[in-house]
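Both of the next two complexes hold subunit A, though its partner changes from subunit B to subunit C.
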Partner chain A sequence: MSDTTTKLPATPRDRSTRKRRGKYGRDRANWPITIVLVLASLTVLVPLYVTVSMALKTTQQAVSGSAFSLPSPLTFSSFAEAWALTDFPRAFVISALVTVVTVAGTILLASLASYAIVRNWDRKLFRWSFFYLLATMFLPFPVVALPQIKLTGIVGLDNPMGVALLHIMFQLSFSILLYTAFLRSIPAELEESAKLDGASTWQTFWKLIFPLLAPMSATVGIFAFLISWNDFMMPSLITSDPAMQTLPVLQSMFQTQFSNNYNVAFASYLMAMAPAIIVYLFTQRWVMSGVTQGAIK
Partner chain B sequence: MTTSHPTVSSSLSRRRFLAGISAAGAMAALSGCGGSAGSARAEVRFYETKPEAIPYFTGLAKDFTSSQEHIRVIHDSSSNLSASFVRSNPPDLGCLNYNLEMARFMERGALSDLSDMPAAARIRPDVQQLVNQYATYPGRTSVLPYSMAASSVIYNKQIFADHNLQVPATWREMIEVCEKLTAAGVTPIYSTFRDPWTVAQGLFDYTVGGMVDVEAFYNRMHELGTEVGPHSEVSFQKTFLEPVTRMMTLAGYSNEDAPARGYGDGNTAMAQSKAAMYMQGPWAFGEIAKAETDVDLGTFPLPMTDDPADRKVRVNIDLSLWIPEMSTVKSEARKFLSFLMQPKTQNAYNKEFLAFGTTKDAPPVTDPRIAQMQDYYDDGRFYMGASQFIPRTIPAENYIQAIANGASIEGTLRRLDQDWARLAFRQ
Partner chain C sequence: MSSTTTNIKSGAGDSATGSKLDSTTGGPGTSRRKGGRNAAGRRYRIDPVYYLFLIPTLVIFTLAITLPAVMGFFYSFTDSIGFGEFDFIGFTNYIAAFSDPAILASYGFTLGFSLVTVIVVNVISFLLAVGLTSKIRMKVALRAVFVIPMVVSGIIIAYVFQYLFSNSLPAFGQAIGFEPLATSILANPELAWLSIVFVTAWQAMPMSMLIYIAGLLAVPAEVYEASSIDGASGWKQLWTITLPLVAGYVVINTIITFKNFLNAYDIIVGLTDGGPGTATRSIAMTIFSGFEGGDYAYQMANATIFFIIAVALALLQLRVTRGKAAL
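Showing the complex of A and B:
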């Protein structure tokens, strides 16, 4: 009751504030920002349009020199050709396996390691192992490619399993950096109360810390997914059996120095992009919340 | 902190966890050892990555496998060659472009000797000799050329006929042709300076190859090594100055947007008859044909002197066959090599992919687009591209692109000399 009474006299003021707010409010558009946003979305939409329309063109149209023209006649034969040339189902399963193992392994190992490091920060060994792990961020894969090829060959890991292991290894340092920053913001008192209730360290981690880490795990998982799914160099160098090759490597055959196969290549890229887009559609809520997680401690 | 004092139970489970991890690692390690057990056939891994020829060779591999009882050929078109050598499991038979990079493997003795094979005796000596221009390994014939790509100026026959032009036989005639075309409002040469390799393998190789004895030049350059410089007997800045100056004269007849055009644009433009000449190899024909226009193309060697007898075509080893020393199924790989070298198999490939045969008994090419180069090829009037002999450590293609886009000829060639001497010093 009191609500309505207080609101009534406020109406004229409300109207005036809306008028004043109008400059930046809902009523009038903020043109400079809109233009920037339109340009930004065009940088995504234009290439996407070219990709889709190229994939639906015939070879003859694809080389006509006009990328923006609409495909006519519409053809899906490029998809069929790309499907056959890359042996799509097999390559897709292998790519997916590598990615799943990478994502799961990265989340598991990085969270465990970060927990151990953060809770034992006062010990030299843990502190230095953190710096050691961070230091590996300065080592790009090409630098250690040759020894890695030799090593994986010797121990029989020159297959997708080895690629997944290496992906986990190379993702570890960045993921630990994200996790540790987040873990420091979790109060130790929470754990103390769990301890008082009789939980072991192992239980504390699984029942308390790991669920609390979920938003950060989403971020780490998304980064691991993108890097693993899109990687060309590591599978290309590490996998020795051509039948076990991942999608990005097989797709490289569509574009060489001497020949281009735009329509087939783009059809194949679209098929390979699909999982990343689908994953993003379902997880974008966590992507956006997750990306800012590490920003402020 | 309480958590920094591990309880008994937590340390136990941590140990159990670590044990689990190591067990998983062991499983992963073992998983690599399974695979080909249970098959009586020896597997020959056949490495061939030329994209347009993949279906063709996959078919051959299948045919051969079904004709054999103890051999299965697996077509590999996606592995990384260098990595496989590092890992000590290279493919059992390689079939790919032969160049300076590939020659490194041969130079270090990684490829086995094939000189006792009957197929080796059928190869034209002057073609086999081309392999040795890159590198040699004493006492071995490790690489058998399978097909040769001959390249020269691609020209639009219709445009030439429309303007009553003859194929030029001398440098002066070449310039006249360009002048007449310009006067008639036709772009004489379509250039694609955005892709560095197209400048290097086109304009640069044609102009240099037409004036300089490429093989002798690089032999001398290797002997000189660190002494290469402004006062050495041969050098880029001295020997190549005239051809490269002429190259820039020709580049002046290019389309105006050449710096912004790439290989794909060039093929599209030629398919649409937008220019009269195009400095590309036979690989471009396949790309031009994709546009399905009825353009009528031919080829002629770029005349660089005023003597018609000096004209030569540029060649490169499109495909070559080799078997690594490390292969465990050499005799089976040799059988497949012999199968590939059968005249009917080899000639069929060359016919389909516009290449020239490497054997003494190879039939002449029939495709009108490349037939004009047959005489030059038969007479051995050919050279390998000058840009192909510069190690990749030196960004020669980019230097050449810079020249095409207006950098100083003298300065850039001088830098090439300095790079060459520096590399020789390091090695």
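Showing the complex of A and C:
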């Protein structure tokens, strides 16, 4: 459906209307809508502003003042305190490890499986595997959570590696859907010529197909990153050792022990959220295209 | 993983011969002959390396997802408390679950909150998408800002809003003398769910919005031009032209968001943790309670019921998206 616009023949008349629209339409910006949208964007920006400004306040100002007041004086000591309280370097490394394993694992397993499935679609095993691996579309984590907690405990995966493994498994359906849709559009002639040159399937995949999949891998990887970095439900339930918890799970300590150190809590929230926002700012294109591809394909 | 590689001994080794045979029958999946036979009618040999590509994933998936699912289903017919001995008790857990006020309340809350949030999210994200696809200034920057909620951690943003709802909002309520807002809405059993609707909608909005933007951009500009010439404009155009043309996207968004909201957990933990009392306990929270309370098998029955609802919704989604693809 998204390509209905491109399917329209580019007749000369078509071009003339487009030009006309540019002449009269595009120059006249719709200011009322622009202003409404700018005001609406405050619902997104204000909570982020509050997080930053609270983090830069002194404890006294954070407790007594309004959430929306500007920090004065500016102080960065809350970051140092949050750093020490959450043992930030260790938690960051654990979160990063879970995320990196999830991203790499999702890209690797999903692209290999998708390639095998698409190229052997007429084999029952491969065709059925496709539908089998999409099963998590039907199977939300809460349904399998209790047995998974038990099983990961038995096999010694009640740790960040077990969390990464489950993140990969729950990302497979989305990733395989994206990869297989793209692989079906790659002409077979491309591979046949590579194989005539003596390349094995293994070489064909790594030298020819995997590079072609790069834009899909970017989308798959970014979504795996966002899901894994931000997740609270799985690590909080699967990881048994509190010292091995990821950043989002650790933030709960500010709900009980240090409930009045708002500035420290917000500094900690900010440090845990910032990596995802920074990655997003650099990868917007793939994040946005990924949503529409995932929903429509 | 090592065990699976030994299963397919021939693995990567003789892939050259395999691929040669394979290439004669080549072609992408869709164009191949059915039944995996070549022109001579004989079953062609498949390059064993394809098994190496697929089978490790199948094995891990089976152990990590299928096995727990089967285990859960099995235990739902027992009186297990999570360890030790147990007996089969048939459908007792299911019958008990259907008359358990705690479970019924969690379904009532989750379904009700999901329905309201689906409507809120779809209306807001549709209007934002219309705004962001019209001739506005700062289009790129505004769109980038509106997508941010999607990339922040649900539990952390819930903590931020929890502070705002329990400190800033009551201060505002007192200032304007509006009684219901003068105390924290998170501590109010009647209103706490509204805070969950708000934050859930806040975070779910970008995804629906991006899907609506894709839908709106697929509408040819000529349609609008024709209707403008006919004198339709503004709201009328939105209702009579735009909305019917993106009806399919409305359905997709409704199902995707509803499915996601049924799993609600992170945001509720961050805002109310199911309280006050059990006023905002979601289905997921009730199921997870089986981990501690000795209700293991009982909550597995609950999880199975939840699974059936999730499957029904997923089938609906597939049906709708398939139908739309055929358009």
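The rule we apply is simple: the second predicted complex is superposed on the first by the 233 of 297 C-alpha atoms of A that agree within 3 Å, B and C clash if a C-alpha of one lies under 4 Å from a C-alpha of the other, contacts with A are read in each partner's own complex, and residues count from 1 in each chain.
Everything below uses one rule, namely that a residue touches a chain if its C-beta (ideal position, glycine included) is under 8 Å from a C-beta of that chain, and two chains touch if they have at least 3 such contacts.
Just so you know, these numbers come straight off a predicted model, no measurement behind them.
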| item | value |
| --- | --- |
| Partner chain in contact with A:202 - subunit B first, subunit C second, else both or neither | both |
| First (subunit B), second (subunit C), both or neither touched by A:188 | both |
| Touched partner set for A:240, first subunit B, second subunit C, both or neither | first |
| Which of subunit B and subunit C A:67 touches, first, second, both or neither | second |
| Touching partner for A:254 - first (subunit B), second (subunit C), both, neither | both |
| Subunit B versus subunit C as contact partner of A:123, first or second or both or neither | both |
| Residues of subunit A touched, compared between subunit B and subunit C (which is higher) | C |
| Partner chain(s) touched by A:212 [first = subunit B, second = subunit C, both, neither] | neither |
| First, second, both or neither for A:153, with subunit B first and subunit C second | first |
| Touched partner set for A:96, first subunit B, second subunit C, both or neither | neither |
| Overlap of the subunit B and subunit C footprints on subunit A, listed as residue numbers | 119-120, 122-123, 145-146, 149-150, 165, 188, 191-192, 195, 200-202, 204, 237, 249, 252, 254 |
| Residues of subunit C that touch subunit A when the two form their complex | 12, 15-16, 18-20, 22-23, 26-36, 46-47, 49-51, 53-54, 56-58, 60-61, 64-69, 71-72, 75, 82, 128, 131-132, 134-138, 142-157, 159-161, 163-164, 167-168, 171, 202, 206-207, 210-211, 213-215, 217-218, 220-222, 225, 248, 252-253, 256, 259, 262-263, 265-266, 269-270, 283-284, 287-288, 290-291, 296, 299-300, 303-304, 306-307, 310-311, 314-315, 317-318, 321, 324-325, 327 |
| Residue numbers on subunit A that touch subunit C, as the complex places them | 1-5, 8, 17-18, 21, 25-26, 28-31, 33-34, 36-38, 40-41, 43-45, 47-48, 50-51, 54, 66-68, 109-110, 112-113, 115-123, 125-126, 129, 132-133, 135-151, 165-166, 169, 172, 183-184, 186-188, 191-192, 195-196, 198-202, 204-205, 226, 229-233, 237, 248-249, 251-252, 254-255, 262, 265-266, 269, 272-273, 276-277, 279-281, 284, 287-288, 291-292, 295-296 |
| Parts of subunit B lying in touch with subunit A, wherever the complex brings them together | 1-4, 6-7, 9-10, 13-14, 17, 28-33, 35, 45, 49, 51-52, 54, 74, 76-80, 83-84, 86-89, 197, 263-265, 267-269, 271-272, 281, 283-284, 286-287, 290-292 |
| Subunit A residues touching subunit B - in the complex, by the definition given at the top | 59-60, 62-65, 85, 119-120, 122-123, 145-146, 149-150, 152-153, 155-159, 161-162, 165, 188, 191-192, 195, 200-202, 204, 236-243, 245, 249-250, 252-254, 256-261 |
